[in-house]
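Look for subunit A in each of the two complexes below; its partner is subunit B in the first and subunit C in the second.
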Partner chain A sequence: MTEVDSPTWRVPPRWVLLVAVLSIVAAEVGGGSMARFKVELTRWARDGMLARPSVHGLVGVRDVDERILDEALVKFDAGLRLFHMHAEGMGLVIIATTMVAATVIRQDAARRAIIALLTTGGAGYPLGYLVWSALIPSYGLERSKTIAEWLVWVPFGTATIVALWCLVGVVAWRMIKS
Partner chain B sequence: MRGNGRAEPAGFLLRPPLVLAVLTALVTITSPAAAHHVGSYVPGDNAVTTNFKQVKFSVQAKKYDVALRLFDSGALRAEMHAHAATLPPGLEDGTRAALTAGDGPEVERRLMIFFAALSRDLALEADRQIARPEATVETRVATGRKFLEAIWRYYNLVDFAVATRDNTTSVAVRLAFDEAETYVKPAAGGAAAPDPAGIREPLQRIARALSTLIDASSPSSTTPRRNS
Partner chain C sequence: MSAPVRRPPLAVVLVALVMLALGETAGAVMSRLKPEIQRYAGARVAANPAAHGFTGSAEYDDTVRDRAIFTAEAGLSFFHLHGEGVGLVLFFAGALVAAVVPGRRMRALLYVLLVLGGLFPVGYLVYGAAVLELGRDAGIELAERWILAPLGISAIAGLAGLWLALARRRT
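After this line comes the complex of A and B, so read on.
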């Protein structure tokens, strides 16, 4: 019986579990704060947007600006919600995928690299939504999205996807060999 | 037990095909990295358009007492009050009187005048802002696009009422609106680049057509202009 076929799971390193749990805790704290400080957060975002009319393309006519502000506030709120959901979900994904990696990858270096990618990618990606939301009042919808994409979503998302494909490849290779 | 982990009997979960299927599903739903879900925005009604619809549907159902209550306490009346300087005199009081008297067509006519006036004022303000020489082309195009959205949001509510009273104005406004939109649309597939200067003429046409409509339909005027 090979190691893969052995009916045992290997628990990933403790730091990985700690990161995953912290991600879930951050999600819960974020979700709770969203509800508790909804008015304050909305006021802060609205004040930030009104302080930078040119960034948001405000024209000084309420009938026009109202919709621009409304859309930005909806997206600001969506960013916080998406952070909450992704941080919660990615915490579980980190635990599940690193457990598979710890179990099926024999080579130490490869296993460590894939676990590191899965953990950093999984924990970092949700922060992109928080960054996006936080930047909306200062940089506007599109520019803040671009910043979050290149600073967080693309590097951390790519890390997760690359690591997952590697893991898929390893498992497939083991299947073919056996 | 191996390494730093705790061993548990879970044979069937460790079957490579199952693990592979789960991992493939995971990697498929997380790809591609660039397609980040950032939520969508569906524009809703504002306080004025919401109150207009409430009053309109109450009038259509002949619930004039409900319509009057909604008008008295809603944003429509407050907005009429705020725009009194640019509206035909007595529009607010006349609307209230029509609601009290249960005169549905008169309520509709006065609300049509109100929204036509709001649209006209927005068209005039858009023309003024787009004419500013210090603004960049992109800013003027974006400004034009936003004003057109706001104009249509209001005019669209009363276009049917306008068309039934003065279809020439209705067609003129819609044609001018369509033309104005072509100047602020992003260039694609060989189309002409957005032209903020070009939008001014159709905006002025919208303002003129609506001014004529307001003058012809204002409370002092009693003969609606119907062209068919």
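After this line comes the complex of A and C, so read on.
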């Protein structure tokens, strides 16, 4: 039985673990900040939106504008919450999946590529929610979502999904062979 | 210096990875194909009017349709969330079983319970589909009684067994 065949784990490279733990730490800090600075964050977003009335379709009628501002603030808050949730989850996903990749993929180049995709995809994807929230006051709901989608969610999310299914294929192949 | 840590069988790892991959993919599908999913759900509800208790009153039927579509979408959303979460639970619980539970038969039993529990999120896919085909209440009842409850109990039993094994090991 070779080292790779033996039923023990191999630890992923240190930089991968550092990125994963950093993602979890950022999520925790994000969650704490959301609670501690809720008022300040809401005020910042509201002021940003009021400074760009045309971007948000504000018409100067209080009843109408307040509804628009409330909806945007709910999305702003949702973006922060989703960052908190996804960064925690993806940090753990990075640790679990790269440990499997380090253990079961024999070829160096393939192993490095899958680990790099899992790590960058997993750590990058949650940042899209921060980008979305941060851009809402300046660009409005739809435009900020489109920017976050094409700049972050699609590339990083695709990297993670592709790498994960490749890993599923490798593990299934290893099972069939053994 | 620490000793090498034993890993669980590849079958356990595979189920955990498949759940994670399905969870991720479902999230992407929900985000990118929302209108298509809503259209499909609406078409399935319309194809099963009796199951949804349509009366012919447009206002009432629209409310029933909207509720069914919302519930089906919630099923997909729960699948995304639980696929990621339960995939991780299965992975780490399986790794702990491999590392610390003595006795091959005990480990095998815990793997079986945990893997069955790892399939729990699939219940939410059934939940979403059954709501569209059988009506909201009947669909939820079917998924909860026949899939979510048994698989959930299996996960709890597996985790409880792991806890007991860890507790016994300490003494």
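Here, the second predicted complex is superposed on the first by the 173 of 178 C-alpha atoms of A that agree within 3 Å, B and C clash if a C-alpha of one lies under 4 Å from a C-alpha of the other, contacts with A are read in each partner's own complex, and residues count from 1 in each chain.
Quick note on the criterion: a contact is a pair of C-beta atoms (placed from the backbone, for glycine too) under 8 Å apart; a residue touches a chain by one contact, two chains touch by 3 or more.
Only a predicted model underlies this, so the values are computations on that prediction, with no experimental measurement involved.
Undergrad: With subunit A superposed, do subunit B and subunit C clash or fit?
TA: Verdict on subunit A: clash between subunit B and subunit C.
Undergrad: If you stack the two complexes on chain A, which partner ends up touching A:A51: first (subunit B), second (subunit C), both, or neither?
TA: neither
Undergrad: Please work out whether A:V61 is in contact with subunit B alone, subunit C alone, both, or neither, and reply first, second, both or neither.
TA: first
Undergrad: Looking at subunit A, which partner touches more of its residues: subunit C or subunit B?
TA: Subunit A has more residues touched by B than by the other partner.
Undergrad: Which partner does A:L92 reach: the first (subunit B), the second (subunit C), both, or neither?
TA: A:L92: touches subunit C, not subunit B.
Undergrad: Could you tell me if A:L22 is touching subunit B, subunit C, both of them or neither one (first, second, both, neither)?
TA: Neither partner.
Undergrad: Which of the two partners, first being subunit B and second being subunit C, lies in contact with A:S178: first, second, both, or neither?
TA: Both partners.
Undergrad: Taking the stated contact definition, name every residue in subunit A that is touched by subunit B in one complex and by subunit C in the other, in rising order.
TA: 6-9, 93, 96-97, 100, 103-104, 149, 153, 157-158, 160-161, 164-165, 167-168, 171-172, 174-175, 178
Undergrad: Give the list of subunit A residues in touch with subunit B in this complex.
TA: That would be residues 4-14, 54, 57, 59, 61, 63-64, 66-68, 70-71, 74-75, 78-79, 81-82, 93, 96-97, 100, 102-104, 128-129, 132, 145, 149, 153-154, 157-158, 160-161, 164-165, 167-168, 171-172, 174-175, 178 of subunit A.
Undergrad: Over in the complex, which subunit B residues touch subunit A? Could you list them?
TA: On the subunit B side, the touching residues are 1-11, 13-14, 16-17, 19-20, 22-24, 26-27, 30-34, 36-39, 41, 43-44, 46, 118, 122, 125, 129, 139, 142-143, 146-147, 149-150, 153-154.
Undergrad: Per the contact definition, I'd like the list of subunit A residues that touch subunit C in the complex.
TA: It comes out as residues 6-9, 89, 92-93, 96-97, 100, 103-104, 149, 153, 157-158, 160-161, 164-165, 167-168, 171-172, 174-175, 178.
Undergrad: What residues on subunit C touch subunit A, complex-wise?
TA: 4-7, 9-11, 13-14, 16-18, 20-21, 24-25, 27-28, 31, 84-85, 88, 91-92, 95, 98
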